[in-house]
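So, here's a batch of structures to check.
Look for chain A in each of the two complexes below; its partner is chain B in the first and chain C in the second.
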Partner chain A sequence: MRLEIGNINIQDIQFGDKTEVKNSILYVEKEALINAISGDDHIRSIDVEIVRPGESVRITPVKDVIEPRVKVDGPGGIFPGILSKVDTVGEGRTHVLKGAAVMTTGKIVGFQEGIVDMTGPGADFTPFSKLCNVVIIAEPHEGIKQHEHEYAVRLIGFKAAKFLGEAGRNVTPDDIEIYETKPLFKSHEEFPDLPKVAYVYMLQTQGLLHDTYVYGVDAKKIVPTLLYPTEVMDGAIVSGNCVSACDKNTTYIHLNNPVIHDLYKLHGKEYNFVGVIITNENVYLADKERSSNWTAKLAEYLGLDGVIISEEGFGNPDTDLIMNCKKISEKGIKTVLLTDEYAGRDGASQSLADSDPSGDACVTGGNANMTIILPKLDRLIGHQEVIDVIAGGFDGSLRADGSIEVEIQAITGATSEVGFNKMTARMY
Partner chain B sequence: MIVITNNPKVRYAFEGSKMKFVEGQYLDVLIKVRDEIHKHFKLLTHPLSGSIKPNETPYKSIALEPCDILDVNSLMMIENAILVHDKLVNDKPTPEWSDRILEDFMIIDLDLFYHAVVKSV
Partner chain C sequence: MAKARVVHYINQFFAGIGGEEKANVKPHVSVELPVISQQLAKLLGDEAEIVATVVCGDSYFNENLESAKSEILEMIKKANPDMLIAGPAFNAGRYGMACGTVVKMVQDEMDLKAFTAMYEENPGVDVFKKDVLIIKTSDSAAGMRKALPSVAKMALKIINGENIGTPDEEGTITRGLRVNVFSEERGSMRAVNMLVKKLKGESFTTEYPMPIFDRVAAKPAIKDITKAKIAVVTSGGIVPKHNPDRIESSSASKYGRYDISTFKTLSEADHETAHGGYDPTYANLDPNRVVPMDVLRDLEHEGKIGSLFQYFYSTVGNGTSVANSVKYAEDIAKDLLANNVDAVILTST
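Up next is the complex of A and B:
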């Protein structure tokens, strides 16, 4: 499967009379966008704002961030099983409005999280402060159920990204990247001497505000299976995960998963990157046993020499991570784990809720309990009152001068467990 | 299956199931579950269900089933959950939430618990 990703660099977004890309500027016809994403009976009103890097703006609570993309060649469309038919994607050419994003916000439950600051110290902790964002503010009707609200906001975000992505259909990309994964036996014929590696991609799948969808299927209900890595770049995996802002994978992160992109860089040189094993993180322990048995079985079946395993979320997924690690290691396959830490504010406590000696190669996205003071910014998009009840905050988080003290777990993407962040550790 | 919970919505939704309702906090549920594990019950659901932290949500619901022996894996899991709880609560105690927010936490705990056990029984 071969996919060309045509990146169209977007340096600014402005409202205009027509939705189009001209000279690296995305112009958005506001009314047409709102019309394209309206229609859900549960939503009372929709407004759209544009925010840019460096502006004194705080957006909260952020639900999802989505990159505008359009398929210009090859089977299927963006977000298969959600907005497009269920054709298998990942082949042909896809255009990307690189530097642009759709950001959805909504107070789905009273207790909230997800801060994106576009300037100041908080901006350094979120990858989304570096993008020009089209922020969708969707207000629900009174009495809406939480799952109806979450569904509506999720779909609105995807529709907005698809609408904007269409603006890139006939634009010549600034650069084209080519990603190719061949069927297993062909790939082995081509690189017989290289170690075979795969990516075990753990998806958050527990229930309300904790879900992920694969080709439109609730991933709680899957058994682990295989994807070509390029399928992910066309939106085969989307987020319905609104909890644990720092380490949830937004749809933007799924589309740009750095594990997949980086594995491609040395594919065919240092190793043979054969594909992606997706698996879930269910609450029921027998599900965890079954799924980890299957990831290990698939890893063995593919004849792998090594895997990278990434986790999503806090708490019980630590158990899935360790089960995957242990069972895959027992097959004689090397593992590297990607996670983040809840090591307490001083960083001295045990980082994960589970462990095993086989997890001897582990990369962390950072300590989510680390605190930060976010200064008052000029403009707030979303819900001001939410800040005092935000994850990682505490009574009095919102200070008299408008600054807030929170753990970095409140910041969207701060401790990404697939490495889509800027945190690093250095020893002196 | 036996349900141990301090969530009134789970008590209501699983009326008719074998249940021990805990009038207490998140930690009280974990300790009650640990007691039951010592009395030869094993965990069916993970005690750290959900990404909402133990010092954020006050509610917890856990399913167990009888077991012939002391299930060491369950014991390790509940002890680790208690450690995680204590670590986070020592840094920042669970806030005094409004009724509206408490209701949301109940709904999320119920939804996660329901999806875990209903498809499996």
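Up next is the complex of A and C:
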């Protein structure tokens, strides 16, 4: 499977009479965008704002961040099984509005939505402060159920990203990157002497608003299976979860999964990157046992020499991470783990809820319990009063002067467990 | 820039007053700077000066903890310092405890920059490493020539507001604190590079060394429990009334072995708990709730167990380090084996 990613660099976003890309500027026809994403009975109002890097703006509670993409060649469309038919994607050519994103906000769904500051100390911790964002403020009708609310806003975000992505259909990309993964035997013929590696991609599926979807299927209901890495770049996996903001994989992160991109960098040189094993993080023990048995079985079946395993979330999924690590290691396959830490505000506690000596190669996205003071910013989009109750906030987080003291857990994308950021933690 | 004002805290030995026989010396400010303080002052150079050396005997400090602390705090405050340096204490246990206590006190009470230096097995390390920056030294004062320059270097770093590196880089005791830092490469690329090294069999450094849980496999079941000698070991803090061994309510530094051969049951009149980590009301009302002597005696009389061992062992689990717990367990296990105990009931709270 071979996919060309055509990056169209977006340096600014402005409202305009027509939705189009001209000279690296994305113009958005506001009414047309609102029309394209309206129609859900659960939603009372939708508004759109534009925020840019460096502006004194805070957006909260942020639910999802999505990159606008459009499929210009090859089977299927973006977000298969959700907005497009369930064709298998990952082949042909896809255009990306690089540097732009859709960000959804509005009344809080649960407790686990985040903060994005476009400037100041908080901006250093979130990758989304570096993007020009089209912020969709979707307010629900009173009395709707949380899961209906989450579903409605999730779809609105995808629709907005698809609508904007269309603007890139006929634009010549600034650069084209090619990603190719061949069928297993062909791939082995090509690199017979290189070790075979794969990516074990754990998806958050604890349920009750902690869900991820694969081709439209709730990943709680899958058994571990294989994907070509490029399928992910066309939106085969999307976020539906309200897990702590710092280490949930937003849809933007799934589309740009850095483990996949970085494994491609040394593919054919240091190893043969043969594919992706997706698995879930269900809460029942039998599900945990079955899924970890199957990741190990698939890893063995593919004849792998090594894997990178990434976690999503913390606490309960730590057990899935360790079960995957242990069982895959027992097959004689080398493992590297990607996680983050909950070592307490003082950093003195044990960071993970489970552990095994086989987890001897571990990369961390940092300690999510570290606290930070975010100064008052000039403009607020969303609802700041939720700060005290979101995960990472505490009673008194929102101070009288408008500044905020929170754990970085509350900052969207701060401790990415797929390694999207440069942060790590060291032992002092 | 004005020189930074440093107070030095040392014990009677390093003040040149005397050894163990002078360990009861009360807290005082040395009239002249002791030799060790002069040496340190020289190493600090032009950027800092030692404005006072506070001296206290190690025995006096540890036996009069509260009054010694407040006297010392007053003396330090009077000197109006920018920083406090305690020690080096090398492997002197009571001196190490005093240095740790003084540093933590000035951090908490005065928000003063402070640190100490000692040998890594000094008991003060375990107690204070989480709260206090400690520079590693050798185990005896023979290492002074190496220790003082390290102390001076750290002092100047802190005075100049420089970043303090990792324990390996700085030669400090690992405090066990996870600290966030930004690295050169993003996490995914670090993972890829680590995987390449692991595949090649090259050495790599994990970013998070996994804690190793010491899982102890259960022994096979006792074949004939009616012949077995049973003992009770608890971390629930049950002790004879008035806690004769003074087991601490938290971070216990010891365990006790208590004779129960004359007791048919435990009661409020003769036993209590020393544990500070739970509401003790119900354990104090009926200590059998933690050490189930009453039912074990019944079983003994009914012939359902062989016998109840004449001692039970007790410590306080609250905040007690894993390292100490392991040490107590090893001692207790030896004693149990020496007394031919067949099985143990472990109770926790």
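Quick note on the criterion: the second predicted complex is superposed on the first by the 417 of 428 C-alpha atoms of A that agree within 3 Å, B and C clash if a C-alpha of one lies under 4 Å from a C-alpha of the other, contacts with A are read in each partner's own complex, and residues count from 1 in each chain.
Everything that follows uses one rule, which is that contacts are C-beta pairs under 8 Å (C-beta built on N, C-alpha and C of every residue); 3 or more make two chains touch, one makes a residue touch a chain.
Because the structure is predicted, anything quoted here is derived from the model rather than measured.
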- Task: Superpose on chain A as described above, then tell me if chain B and chain C fit or clash.
- Result: fit
- Message: Just to be sure I read the superposition right, which of the two partners does A:L184 touch: chain B = first, chain C = second, or both, or neither?
- Response: neither
- Give one of first, second, both or neither to describe whether A:N316 is in contact with chain B, with chain C, with both, or with none. first
- Task: Could you tell me if A:I25 is touching chain B, chain C, both of them or neither one (first, second, both, neither)?
- Result: neither
- Query: Which one hits more chain A residues, chain B or chain C?
  - Reply: C
- After superposition on the shared chain, which partner residues are touched by A:N282: those of chain B (first), chain C (second), both, or neither? first
- Message: On the A-aligned overlay, A:D356 touches which partner chain: chain B = first, chain C = second, or both, or neither?
- Response: second
- Message: Looking at A:G306, would you say it contacts chain B, chain C, both, or neither? Reply first, second, both or neither.
- Response: second
- After superposition on the shared chain, which partner residues are touched by A:V223: those of chain B (first), chain C (second), both, or neither? neither
- Angle at the Cα centre of chain A, taken between the Cα centres of chain B and chain C once the superposition is applied, in steps of 10 degrees: 50
- chain B and chain C, minimum CA distance [Å, superposed model]: 9
- Where on chain A do the contacts with chain B and the contacts with chain C coincide? 350
- Partner chain A, residues of chain C touching it in the complex: 130, 164, 166-167, 174-192, 194-196, 198-199, 204, 206-213
- Item | List of chain A residues in touch with chain C within their complex | 195, 197, 258-259, 261-263, 265-266, 270-271, 305-308, 310, 334, 336, 338-339, 341, 343, 346-348, 350-352, 355-357, 359-367, 370, 408, 416, 418-428
- Item | Touch list for chain A against partner chain B, complex | 109-111, 146-147, 204, 206-210, 220, 241, 243-244, 248, 282-288, 313-316, 318-319, 342, 344-345, 349-350, 353-354, 369, 389, 391, 394-395, 407, 409
- Message: Which residues of chain B touch chain A once you look at their complex with the stated criterion?
- Response: 43-53, 56, 77, 80-81, 83-84, 87-88, 90-92, 95-98, 100-101, 103-105, 107-108, 111-117, 119-120
